[in-house]
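Next come the structures, one after another.
Here chain A shows up in two complexes: once beside chain B, once beside chain C.
For the complex of A and B:
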């Protein structure tokens, strides 16, 4: 029987099978004999368990009192230093933990050691597959019959209408979270443009002071916002689209594609900081490898190759902001981005 | 003496011995720390003899990678124009001389005395103009504004060094180190010089006053610690998740076993 080579499709030959008759005759082992607990036999043990349960409940009381002591005595609504706050947080947590655990552990201990522990047998009702199914079908039929939904089409149709209409207010509720009054087309359009425009100065984030081209040395990284952003009507919405990282690298190391020759100023380049994957801000710049890393999903962009994706889930290169120098030597935008910033959306490619 | 030897088997003897040992070690460390602080305080201006001495140290220790005239080789960059601050940071934190070629130089025990470091810095500074070692005034954290420093830190530094300055990973084995325990001078020098792959934050990008604010912010959060108790390295969901999934689930499993066990 144990020989692997003698198996048949029904029987692998490795397992000895009991015949059906023997399976039916397998004796019911019944319940194991009831074993009385220590507390059932020894009244002193029962007394000891009683004291333990009471002690656990007392620990809970002490925990609650400890909570109030640390809440009011350690400092209440006053000026607290970090260190005091830390001590108080720990004390409040410990107090609550002991208050809750004391009750819980006490009740379980009580039930396990002192409450009656006799075994109960509850037999499962007989399985009647076909009859049970008949019963269920009958119940559903009765409901349909008694509700009269088949006989009264007026009720049925008006119910369908009511259910179909009910979710529509939600659509309007969510739609009106955006209260600018823009049409769908205008909303798509606002993703396409940022505050950058010809002659807008590049300024430091968050101070808003303009940047001279001579301020930027090779290896530098400046966090840039457009001039006037801090005074804009919708600062955060505008900032979310317009943030730019300004870096300078050796112009000889840069591979510039056709049409972008005048987008940099002696190796000073500006790229959108919004990741083209799901829009996290990218600013982890490595000055020697020229890599920009997105901290969310490790998309990596190569600055030397116009921020093409070299690793990670991002779909396309970071948009470059064309820049030039104005008469006073400050860096200004040559135009807006030539493509929408951030992740792709349905209408982006049009 | 006899009484003492009798008590050595006392259950608390081991605890007492441990406390005694810790006390001795602690006092020795404090003493050693204050001695090295005293040494660091007397930084003098570079003289010609410092430059000459630094040149000898450079040829003996650095020229293999950086070239005899610090012009750079395939193994190491040129040091002309990197300035005294760069040397003071790289050598003063033990990153240079580099232990081995790798994704980035790592901090290790400092290999030179403070005098030798200042001589090396004087030599490299004499090769070409570069950022100087910051003076006491620009490192005085009592004059800095921690709140403004926090704003500057979150805009410029937090994406790599973590919002709690605990450090973080970069690409291909590189990483931004934690800033806890880094001296004021070295933090300042790192901003000015941009060591390894860190970008340069020159004085026109972050002004010297703002740099002092950043240092003040870092020293303030370091002194105050985490308000929420154990920070688990301030590394965010990875460390916290690991803790909850092991310790928290362990406790739940232990309670489940206890609930279903038969009482004796």
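For the complex of A and C:
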């Protein structure tokens, strides 16, 4: 048994079989003998430790004073430069750090060097004794008996019914967490609509200046919001659905499916900027590969193929905004999106 | 009933103490806790770090509430941070900037709060790993393991609700992701999102709601669970590592007063000091750089706080489409199509769900497989429970692959590799990594156990090279002392338990499954050295040789 290195993976010689239970064990030798520390034997060492602890506490006092200096001398209210703020923040941090570490390290040093380091033994007790259990059972029986809940099922059952029903209003109370007062159907339906409509001009984000078709060169990309967004009632809510990316590609390179032939203007196309994965704005346009990339989870969409997903976790293509040119040469929407923008949801369907 | 000789203290302190004692019975409390024994080990400090960072969170968080205004009402910023002057933003964002720039020490408090939060969840996690790998969750501590797990979830909830409060661009995009995940839930998802945000995303209700959760509900639940957790620690008495003199029936360590109180109390100040140092020197969450939330812009390389990373990483790993197959399933119903958004549902719910389910159920799984329902107050050295250590390592790798995936874009840009390749590799690791980790960890544990056997049987390497008269070199081996030997040989080696028939003589299918798992876990095992084996080893090599007096080298 002593030579254990000649085994095979199946039988190493040391790996005991499940059935041979090791009966004999080494006896517990008890706690190892205590080794005295330097300070236990040498009073001078103890005195030295004492001074060290006091020094650490003094460092803490200095740290606290330093905090006050940083607070009142380095800092002043109003028009602090960013550099001044940084210095003050670092100084406050260092002051606090020294104040706290001085106390903490001092106390621990004190405990480790000067307080007794003899380990003590305490015995564990049963978590529950059998006598206690019997007493408890008796008490519970008495309580049940005196309440009469077992003998009077009418009381018990009606109480269960009442208690089961009572919390339900508390759940319905939360119906108005949705603050707009819309019906369930309206709530779902609003996800299908954005500010875009026939004739709404495409304007730059955030300035709101309209864009002429001639402004859009091949390879360029515009972050677009609908005209009038900045004056809308719920700017952020509308913007969260309506933001659009506008790009121009060589029409030869684009695959256009049936029904979308007139959705672009000479290769100028507009797609929803809201990722169909979980809704991050798709901020990156890679001109050479004409891929759009979402920086949050790296969903990648191919502009040449109507923004179909080519990589990453998004499950469906970016919705396209049909566009045209108005009489003054500005780009305008032909209609709203033909499908909901953003992440998929249960009621979305095809 | 008049007492003839009631105790009258002589000093002022004594009179005060006696007054309290005669009203609340403090003597009993002092008697119970004053010299209560706590075992000492560095790995027991992680739980303390969690407790202390939580205290720091309460302190710094209370300070922040005095200045923070969670309203989402639109304001134009007029504070002292020049680059954002005149920019429209929510009141929450503006007051966050005011705390940073116009309240002295406000930025420091924000940093203390954020760093403490990161450390809080980190120390909770490491503490749970310590408990898992040492088997401290076994009877009677299963319930405390569950309480700890819920505390971890509440820690995540606290972090998540707090992270969004400044209403800056980064956290706003985080909320947008939450909105997307909520909407993916079948049937209820859309409504859940509407109720959560008070209407369409982002609305102007979500920040105040998160605020009341963050400063009231979540901390209250954490404090409640914390009290239950510590109460159970006192009830059970702390576990201790195995070793000479330490048994299942005793506790060996230092008394609360003065040593343990001093060490633990001093440690609070050390944790405070370290957090203060980090907060003074290292900038975190500079919301003024991100700007206010706007649904249109986003910065590249966005990262969530570390503890949300594993879910975010899972979201990134999931492919949305494979060829022409989309993971958004459109299911036709009589009233129209409904969408089942598996591309979001699967990664958001399944890995985290599996991780937490196995974690919560593990004490019962282990008890079922090992048929070990005894009380355990002595911890396992992780090597002595190879199956458990291997399972834990598999879980850690599973978690860390997802966690790494949350930085897939940063990995790609830092190491100049293709983003897609990083994702492909991590997808493969997601499945293969845990298996490799399980296998490798188990082999390492078994090897370490064999090494322990060798040390007991053949002595430890003394580091002394001897030359024999023939000119051969060998290393002297010295027998380990009885204390070390006891540590190396005294462990609970779980063994394969074949399927057992029940009272009626049947072997149930469940029992057969248990036997299979038991076999898988315990077929390979290394038994502790027994005294008779040691005697045999000594006899084989000659007693004097084990003592290290002869020049013969130990056969390797």
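In the analysis below, the second predicted complex is superposed on the first by the 271 of 350 C-alpha atoms of A that agree within 3 Å, B and C clash if a C-alpha of one lies under 4 Å from a C-alpha of the other, contacts with A are read in each partner's own complex, and residues count from 1 in each chain.
The definition used in the following text is that a contact is a pair of C-beta atoms (placed from the backbone, for glycine too) under 8 Å apart; a residue touches a chain by one contact, two chains touch by 3 or more.
Quick caveat: nothing in here was measured; it's all calculated off a predicted structure.
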{"item": "Which superposed partner A:264 touches (first chain B, second chain C, both, neither)", "value": "neither"}
{"item": "Touched partner set for A:217, first chain B, second chain C, both or neither", "value": "first"}
{"item": "Winner by number of chain A residues touched, once chain B and chain C are compared", "value": "C"}
{"item": "Touched partner set for A:283, first chain B, second chain C, both or neither", "value": "both"}
{"item": "Partner chain in contact with A:79 - chain B first, chain C second, else both or neither", "value": "second"}
{"item": "Partner chain in contact with A:90 - chain B first, chain C second, else both or neither", "value": "both"}
{"item": "On chain A, the residue positions that both chain B and chain C contact, one per complex", "value": "82, 85, 89-90, 93, 108, 112, 117, 205-206, 223, 281, 283-284, 295, 298, 311"}
{"item": "Parts of chain A lying in touch with chain C, wherever the complex brings them together", "value": "1-5, 12, 14-16, 18, 21-26, 28-32, 71, 75, 77-80, 82, 85, 88-94, 96-108, 110-112, 115-117, 119-124, 127, 174, 177-180, 182, 184, 187-188, 190-191, 205-206, 223, 225, 234, 236-237, 239-241, 243, 273-274, 277-281, 283-284, 295-299, 309, 311-316, 342-350"}
{"item": "In the complex, chain B residues that touch chain A", "value": "151, 155-156, 159-160, 168, 170-172, 174, 176, 194, 196-202, 204-205, 224-229, 258-259, 262-264"}
{"item": "Chain A residues within the chain B interface of the complex", "value": "35, 37-39, 81-83, 85-86, 89-90, 93, 108, 112-113, 117, 204-206, 211-212, 215-223, 247, 281, 283-289, 291, 293, 295, 298, 300, 311"}
